[in-house]
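Below, chain A partners chain B and then partners chain C, in two separate complexes.
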Partner chain A sequence: MRGCRSCLVLIALSLTLVLGFGASVFGAGETGPVRIGLQAPVTGQWAYEGEMARNCVEIIADEINGKGGVLGGRKIEIVVGDDQCSPKQSALVAQRMISDKVVAVIGTYGSSVTEPAATIYEREGLLNIAYGSTAVQLTEHGWKYFFRTCFRDDRQGAFFAEFVNETLKVKKVAILHDNTTFGKGLAEAARASLEEAKKAEIVFYDVVTPGERDFTPILTRMHKADPDVLYFTGYYPEAGLIIRQMRGLGSKAVFVGGNAAINDEFVEIAGKDIAKGALMTQEPMPTDLKYAESKAFLDEYIRRHGVPPSSPWPVYAADALKAIAAAIDETGSTDSAVLADYIRNEMEGLPGVTGPIGFDEIGDRAGAIYLAYEVTEDGKFQPYQP
Partner chain B sequence: MPHGGLWPCRLRQSPHAESMALFIEQLVNGLTVGAVYALVALGYTMVYGVMRLINFAHGDFFMIGSYLGFTLVSSALVGGAIPLWAALILITALSMVGVAILGVVVERAAYRPLRRASRLTAVVSAIGVSIFLQNAVMLIWGPRYRAYPSWAVPDVSWQVGGIYINLMQILILAVSFGLMVSLYVFVQRTTVGAAIRATAIDHDTARLMGIDVDQIIRLIFLIGPALGAAAGVLLGLYYRQIHFTVGWTYGLKAFTAAIMGGIGNIPGAMVGGLLLGILEMLGAGYISSAWKDVFVFLILILLLMFRPTGILGERIAEKV
Partner chain C sequence: MTEWDGRFSLSSKLRLPLSAVKSLPSKWGISVLIAIGIIFPYLASDYWIDVAVFWGIYVLLGLSLNIIVGEVGLFNMGHSAFFAIGSYTTAILSERFGLSLWLLLPLSGFAAGLAGYVLAKPIIHLRGDYLLIVTIGLNEIIRITLLNNPWGLTGGPNGIIVLDQFRLFGRAVQHPIDFYYLVWVFVAITVFVLVRLQRSRIGRCWNYVREDEIAAQAMGIDTRWAKLLAFTLGAAIAGATGTIFAAKLVVISPESFTFMESVILFTIVILGGMGSIPGVILGSAAMMVLPELLRNFARYRMLFFGLAMVLMMIFRPQGLWPSRRWTTILREGESE
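Then we have the complex of A and B:
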């Protein structure tokens, strides 16, 4: 009796093994679909971000499959892994992607969630392209298989410098940050880019404390330095107070906020009359993208879902898939090492939804595609027209 | 002052005068913030004087005051038949009444049952009340930042000899000094004030003299929170932005001010508040905004080391 049962178990086990193995062998074979993972927060607090990312990726997958797929006729199949925007869940999803033997992974959204997953992908040698993780340190690890289609935080500083020198064409710049990792990083990047360009001069550079309400002492000092523009890289609660208090002190400097300041509450705290004309640097909203691909993509998105994506990030997931598919086609391979090598060294100017796609040697998206937004009379944000 | 007359100097706008104007501007900013600290500090100091209790929930009375004011300002009360200034006075008064009632309820529910317990127990209860109030406000008004509507106080400012002063600063200074002076007169010159002072000295003896100690404590919990609420509305009108955690930051600063001036001492709380505001603004204006709090609390530590009873001293004989 006992012997018989273990016998059965053994048979069942070997069957599973053979079948499972067989399936994976066929899956990776020459005719089956090419499986690509999408790691995104499909449930939880950021579910709407994950949902939009899935919508975007599906559109591109359908588009590629409609044109006959990759590698001469193989379809792309998307495997969705829900990380709930939690670092713990992220590691589990990564392990599942490995055991599912996907060719590459798109994702994920939050920087701190990307970190554990990318560590696993790196160890296992699986190509992964993040779409919403902008923290600088992610590409500082020297990872071979990690890339991102979104621009890292400090690129915004480079954009600001260019914006000041080429669009606003002013001479004296003040920079304020709030000592958070993000705010300080952006302020330092802006300072470095301005110093490198050697056009506008930084006349004031200082720090405020987040949660504070009275910034008049520091703004009084700033006003004395008489800047043409103030760049504040912190978050909207302080940004709203700062613009109000600097106007109260008589400062006419143009207020420019970073993308942490873009929020309706900025307008509410500052008041519409004061917020009007304030500028913000940000990743373009999908509806403000002006590339040929973006237009067609958005039309398709709206046709399927009724409204355009409501945040800048999901479209970067679409471009991650574009990059992976292009790499597979160009190299004729599904080996992550070959693909990563191609993406790093040869991919350049691939037309994407968010503009030309190319990567630098550490895996960051090349270039800096940002937009300046302006607060309108009725308190809305719209692309700045000089 | 090494350089002679101030006014003619500033009219010429020499660099010297300009830095003087800057200094005065920082001073005015400091006085404004300091007046708010002082109003809140009074609540700490009065409760301590009468009950020997550090009421850690006091900062939250202040916060609730600013939220009540916010709701009232956004309500139909404003923009109707009554002029704006009358509406604002009414709103401040209503918020004060609301928070005063809350103060009495809190005293009855969280402090009176512990009157005979150890002091530590009462402090723990106070911290509990603080957490309760903060979370209640978060649930009622939501966790996001709220902003007083911009039309509530017009952004009027004047430039006097190179110094910018705005309407709200003047209002804050006037209202808080008015309240502080009335409180001082009330405590020092009236019979009820004498009863408060007597209770502060000794509960049992006061009771023997026919003073209803519970009644006096209730009164303290009416006045303190009401003053805090007034400060809360002023803060909301001045900075416009409020948040349910604001009670913690301002409570801590006001507590520091009360200690600086000598806890239990009413004029001490006023002096401490004003001093703290000025120190903060000068620290931020001349040293660094990032080091502002370090600067303030360093002075508190030094004060506690060398003059533990505060600037005006904890009055041993007469604590209120």
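Then we have the complex of A and C:
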């Protein structure tokens, strides 16, 4: 009978499902490797970020394993969970990490993707250290198990304000953001810092919609406000179009992009002539990091993959692993509560790829490093010299 | 037949014998599946239970879209807009007024249904791909509106955090296993209702409109009304599902309601077989469970996923479990 056959298919499918788990459940024993999760967008729109994060974490894991591992000889094993930069997938990956009984999780990239996962980790009491989630709100929940090695948006906003007031020394500032968690957070932080310093005035503050092609209406209004500098906190595709179109309208304002705009694509979209002289605020690119660890790390990265990481974020994943490994070694424990307590209260000045690693009481990375970059004539980014 | 005003009532004089609906599995098959479903969480890890939870949520969404696309043949590729309206209704009302999620479930359904009715009314006369394009537009408008944080209600790109949980017998529905039963009980109820609907006069009229609109009109069916009813009902179910989604995900942000999500829902209906309820269940398994099974392929998993989709469409172009046309045999004495 036909009905029966289709029914059998259904049952077979359910059975495949039921049998499917066996593979995923094997907890680490007392002597087996220490399993650490990496949650990253390995596929999807941001796949290159996920891929580089994985490369970075692997280098550190190999380095630690080469020196004899942690806890007296146990190797570190990285478990990669792909979240595709989607909140739904992120929740699933988080659950999978918990089922896989990892000791701690690194990740992820994207603030609103981190939120659902971090909620689950917090509920289950699993240490997680984000590497590319800079939204302020993440550390405002009072979470016990959440940390991040990257710096929050408001630190960059404060850097921009300082840069405008002390380096550029201009008076009229325009700010544009793209309403993503990231762009808006940064724009608001920049506005708050500028208003606090009371040196420069914000003459224009507005929003563009990502994915659009024509920004002339909004740029015309901006041009009328006659700013000395425009700070765009969105991503590079829009940044490239905006600088093109504002120059087309005759605006001479200095273009400053946030750290989401700094990408070779920006120069390609804008064209070298127009992009020349544009500035970007951002965490130093891996290649501009001045620490001894950074140099060694970067050499190894280039040896393995031919080119250095093309975005600033992946190296923070490397530092997240360093922090976790150091905490495991120092406390002699793999219990998240013990590790989180150590990282929060005792970790200080651990030499990392992006500088000394330490955390404040709410889980944010202590200190801050930012640089202003300038687009050179041949379309490269180099640290800005006034 | 008595005089009929072109609208439908659920009571139908022409009753179909159960065996007439061949697209449904037999009774023992259903019992076995239900039994597997009940014991499943005791065998599986939390992760697989969670996969099943999301599968269930996509079954609900797929079923709701199936009413519109499958039963009536209206191409709606903006369905996640209604899902979003439901989710946001829940998130906003829960955040501002602390309403119980049990109350918000029908309320979100109502809000999405109302939005579906209002938005669909002026465009319902459009056919095929024209309607498809307009619904894509609706989806984008709603997503961007949410992103722009109107009156500080939607929290913009950060979204809204839903702190409340479903409460049952004084216990919060929080763990994957609780959600599993919650979601699949809803799936069971929805499937039951939709099967009844499919066999009712309304269901048959919908199919009639889908097969030949002009003929349906000529037979005195108010096709506009039939289409609007389907659209509203589909939107309402998607909205109610939004409440469960909000409770499950804790954070509701516009990233969850992209055009891609609408495409996934559309694919579920087409892949499963238009108008087929078991097809939707299989189709959502293909879209939700398959990528999870392929996780071991790491960065190649989407490649294999795409390959699986292509193969499925080559070997089963009519869908995984196509709905069959009904054949009703009128025996002597049964006709009027």
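One rule holds in what follows: the second predicted complex is superposed on the first by the 233 of 386 C-alpha atoms of A that agree within 3 Å, B and C clash if a C-alpha of one lies under 4 Å from a C-alpha of the other, contacts with A are read in each partner's own complex, and residues count from 1 in each chain.
Following the convention adopted for this analysis, contacts are C-beta pairs under 8 Å (C-beta built on N, C-alpha and C of every residue); 3 or more make two chains touch, one makes a residue touch a chain.
The model shown is predicted, which means the values in this text are computed figures rather than measured ones.
S.K.: In the superposed arrangement, which partner chain does A:42 touch: chain B (first), chain C (second), both, or neither?
M.R.: In the superposition, A:42 contacts chain C only.
S.K.: Once the structures are superposed on A, label A:207 by its partner contacts, choosing first (chain B), second (chain C), both or neither.
M.R.: Touch status of A:207: both partners.
S.K.: Check whether chain B or chain C contacts more residues of chain A in the superposed model.
M.R.: C
S.K.: Once the structures are superposed on A, label A:179 by its partner contacts, choosing first (chain B), second (chain C), both or neither.
M.R.: Both partners, chain B and chain C.
S.K.: Would you sort A:99 into first (chain B), second (chain C), both or neither based on which partner it touches?
M.R.: Once the two structures are laid over each other on A, A:99 reaches chain C alone.
S.K.: Taking the superposition as given, does A:31 touch the first partner, chain B, the second, chain C, both, or neither?
M.R.: Neither partner.
S.K.: Report for A:115: first if it touches chain B alone, second if chain C alone, otherwise both or neither.
M.R.: Once the two structures are laid over each other on A, A:115 reaches chain C alone.
S.K.: Going by the contact rule set out at the top, does A:385 touch chain B (first), chain C (second), both, or neither?
M.R.: neither
S.K.: So which bits of chain A does chain B touch that chain C touches too?
M.R.: Shared contact residues on chain A: 179, 207, 209.
S.K.: Which of the residues in chain B come into contact with chain A in the complex?
M.R.: It is residues 22, 25-26, 29, 33, 144-145, 147, 150, 155, 157, 159, 164, 166, 235, 239-241, 243, 245-246, 249, 281-282, 284-285, 288-290, 292-293 of chain B that touch chain A.
S.K.: For chain C, which residues count as touching chain A in their complex?
M.R.: Interface residues on chain C, with respect to chain A: 22, 24-26, 29, 32-33, 36, 40, 43-48, 50-51, 54, 144, 147-149, 156-159, 161, 174, 176, 248-251, 253, 255-256, 278, 282, 285, 289, 292-293, 295-296, 298-299, 301-302, 321.
S.K.: Please output the residues of chain A touching chain B within their complex, sorted ascending.
M.R.: 179, 206-209, 211-218, 220-221, 224, 237, 240-241, 244, 247-250, 265, 268-269, 271-274
S.K.: Name, in rising order, each residue of chain A that touches chain C in their complex.
M.R.: Those residues of chain A that touch chain C are 1-4, 6-7, 10-11, 13-14, 17-18, 20-21, 23-25, 42-44, 47, 51, 80-82, 86-88, 91-92, 95-96, 98-100, 111-113, 115-116, 119, 123, 135, 137, 179-185, 207, 209.
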